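Each of the next two complexes has subunit A plus one other chain: subunit B in the first, subunit C in the second.
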Partner chain A sequence: MITELLFNGFAILAVLGAVGLVLFRHPMNGAMSLVVTMVSLAGLYALLSAKLIFALQLIVYAGAIMSLILFIIMFLNLQEKDLPEESGRWYYLLGGVVVIAPIALFLVKIVKTLPGSEATIVGGGFGGIKEVGLVLFQDWLLPFEIVSILLLIALVGAVVLAGKRRLGK
Partner chain B sequence: MIQDYLVLSIVLFCLGMLGVITRRNVFTVFMSVELMLNAANLAFIAFSRLHQTMDGHVLAMLVMAVAAAEAALALAVVILLHKHKSRLDTNVFSLLKG
Partner chain C sequence: MSALDIFMVVVRVAFSAFIPLCFIAVCVWMERRGAGFFQDRSGPNRANIFGFRAAGLVQNLADAAKLIFKEDVTSGHIKHKFYFVLAPLIVFFTAVVSFAVVPFADTLVLGGKSYLMQGIPLDLGILWFLSFVGFSVYGIILAGWSSTNKYGVLGGLRSAAQVISYEIPMGLAIVSLLVVYGTIHLNEIAQFQGRLLFGFIPMWGAVLQPLGLVIFIVAAFAETNRTPFDLAEGESELVAGFHVEYSAMKFAVFFMGEYVALFVSSAMIVTLFFGGYQVPFLSTATLINNAKPVAFLLMVAVPVAMHYFAGWIRRSNVSHYPRENDPRVFEAEIYIKCFWGLVIFLEVVLLLILFADKGGPAAHIFVMLLQMATFLVKVTMMIFVYIWVRWTLPRFRYDQLQRLGWQTLLPLALLNIFVTSAVVVALS
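Then we have the complex of A and B:
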């Protein structure tokens, strides 16, 4: 009962944030509405009893990544004249909806054929740090290492791209 | 129950795709990509709850790590583009057209 109420609230907030991201003209407003979406997605993860992912979503996504994006937006100090014109934005949006709506309806039709619509009760340890860590370091060790190398390469690449060029010039 | 989460994930993914293909602001396009990654994460967690295994949670963690790496690199590229052209319009960055 209260689960459905919470789900409906979080889902409506998430969709409203996403719509705001697509519709707002200034990227700062879009980033703020994306934060709303991220936080309500964290609530949905908590409803799905994914405790670790709930915390990670709040700390990493809504905290770190979004503050990085907001920092860069404020760093560039965007004025109204810096933004693209986008005069035919509504026509583009209409065309995009026409293109994407069949795909979305097709996917929804697929999802409706899935079994397991009834709610089941999971054990107390579901989604905790220990359980996720056991699976992560036993079955997913190689992808974990590859992702760590990817993060290292991304760090080096970001420093090389955005750093000062003293030697080049 | 799971189907509602999956339908929400589809809606969020399609909104992100709409933002990618219709907007011309670099930041909005980038944040729409982040929104699509989040929608995929929600589908992973929902399927993980359906099958009562932890693999979906691990995949969601890996997606978050990839999103962090993508954010760092993409924002560096945006700073470079803004330095070169002082515009944020994706139509300006069309050097590969020849």
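Then we have the complex of A and C:
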């Protein structure tokens, strides 16, 4: 009962945040609505008893990445007059809705054909930190390391790009 | 859920919500008395109720009355009023909530059931703390940005950049700790520290990870925006930094949030490095088995300590010049009587434990109370370290602060991880 209530609340908040991100004109409002979406997604993960993903969502996405975005917005100190003219945005939105509507209808149809079954919470510490860590470092070690190398490449790339500009000066 | 379950939930939530709030008053009082002590002056000693000054605690009431009844100004030039009001609330709320996973006593076993003694019985531990520390940046950024004030924006920028960059050495210091403890659950971390190294040294994080302790404490000082890292509100350059446009209760909420954050980060340092709630040399099992001798020792020790404490009150609570019928002497006598009343109450409680069953629920509750008291004493000592540093060290320059974070603490933390991992692998 409470779970359903929480699920509906988080789902509605997540969608509203996403809508706000698209519709708000001021970048700060957009970024704050994205924060709302991120936090409600974390809530949904917690309802799925995925504790580690919940914490990571809060620390990495809602905490680190979004606060960097907010920091940049504050750093640029955007005013109303700095924002671009968006006269045709409602037409674009309308066009987007027309394109997406068939896909959405298709998705609704798929969801309706799903067989109804009782959902139960998976036992045995599913989604806990220890369990996810063991699976990650025993069964999926190589893919995990390859993904971390991908991140390292991005990091090195950023450092190289930053260094290049200073040399050019 | 039995009545006991509901009662335990209420007790735990109440403890983890109200203790940080109570410690705001204690922190502010300690800060002022500490400042007075370090600068060789008296500190707050005028505000009183019928002549009772409670060593300066009454000054806090005067402050609260002033802040509540002051006009709450929101300047006309502030366009984003929602964020302006939201910012102090975020700072305060994240600080209070991040205390929810800190254990203040070992798992309590009552009637065959065990209760995890922390506000929210989650095993996320350190991750919970890190996520809410990250969130408090929002409050600072929003406050600085929505103030639409150059000082505010500069203070917010400084503070946000500082918190974001010091999160990295803090996280890395925690990684090396996790390698040692093998768990992120704060209660298990505290239990780990109840053991003894070589049979006579408590296995505290401070002994096992001295470098991690230094890095973590420096990063925690920067995270809480305390001196020597309080550039965000460097008065000489920025007036008051990100809260320059705030007045009355909105400012007070920032102020309270800052002191709750101070309390929580002290609690975190104590839990990670100084054994948490563990009484030094006495693990929980030892305490429960020997509840009666411990209670008897306390029954003897408390009145003796009180005797010396009373003497100290009598000596220090006098006027600085000769007065007839000194009112402060009368005041001191009243305080001493109150404290003796408290001691008698404690003696009665301890006597009850002496007559209770061995290893029964009374012993468990007694150990829990003892561990709570130990935890609070340790946290108070850590808060004193914060105050000590604040009134001793001068403020860093901003480039020095960033250089310390990125060029000193970060490599040291990485080195610490490698050395720790090598030692742990070699020993296992």
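Definition applied: the second predicted complex is superposed on the first by the 156 of 169 C-alpha atoms of A that agree within 3 Å, B and C clash if a C-alpha of one lies under 4 Å from a C-alpha of the other, contacts with A are read in each partner's own complex, and residues count from 1 in each chain.
Just so it is clear, contacts are C-beta pairs under 8 Å (C-beta built on N, C-alpha and C of every residue); 3 or more make two chains touch, one makes a residue touch a chain.
The structure presented is a predicted model; accordingly, all values stated were derived computationally and were not measured.
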Which of subunit B and subunit C A:L142 touches, first, second, both or neither: neither
Contacts of A:I100 with subunit B and subunit C, given as first, second, both or neither: first
First, second, both or neither for A:I72, with subunit B first and subunit C second: first
Partner chain in contact with A:I129 - subunit B first, subunit C second, else both or neither: second
Touching partner for A:A55 - first (subunit B), second (subunit C), both, neither: second
Contacts of A:L5 with subunit B and subunit C, given as first, second, both or neither: neither
Partner chain(s) touched by A:A64 [first = subunit B, second = subunit C, both, neither]: both
First (subunit B), second (subunit C), both or neither touched by A:V35: second
Which partner, subunit B or subunit C, touches more subunit A residues: B
Set intersection of subunit A contacts, subunit C complex versus subunit B complex: 52, 56, 64, 68, 73, 75
Complex contacts: residues of subunit B adjacent to subunit A: 1-8, 10-12, 14-19, 21-25, 27-28, 30-32, 34-35, 38, 41-42, 45-46, 48-50, 52-55, 57-58, 60-62, 64-73, 75-80, 82, 86-91
Parts of subunit A lying in touch with subunit C, wherever the complex brings them together: 28, 32, 35, 51-52, 54-56, 58-59, 62-64, 66-68, 70-71, 73-75, 77, 128-129
In the complex, subunit A residues that touch subunit B: 7, 11, 14-15, 18-19, 21-22, 24-25, 27, 30-31, 34, 37-38, 41, 44-45, 48-50, 52-53, 56-57, 60-61, 64-65, 68-69, 72-73, 75-76, 78, 82-86, 89, 92-93, 95-97, 99-101, 103-104, 107-108, 111-112, 114, 116-120, 122, 126-127, 131-132, 134-136, 139-140, 143-144, 147-148, 150-151, 153-155, 157-158, 161-162
Subunit A contact footprint on subunit C (complex, rising order): 80, 83, 122-124, 127-128, 130-131, 134-135, 137-138, 141-142, 144-145, 153, 156-157, 160-161, 164, 167, 184
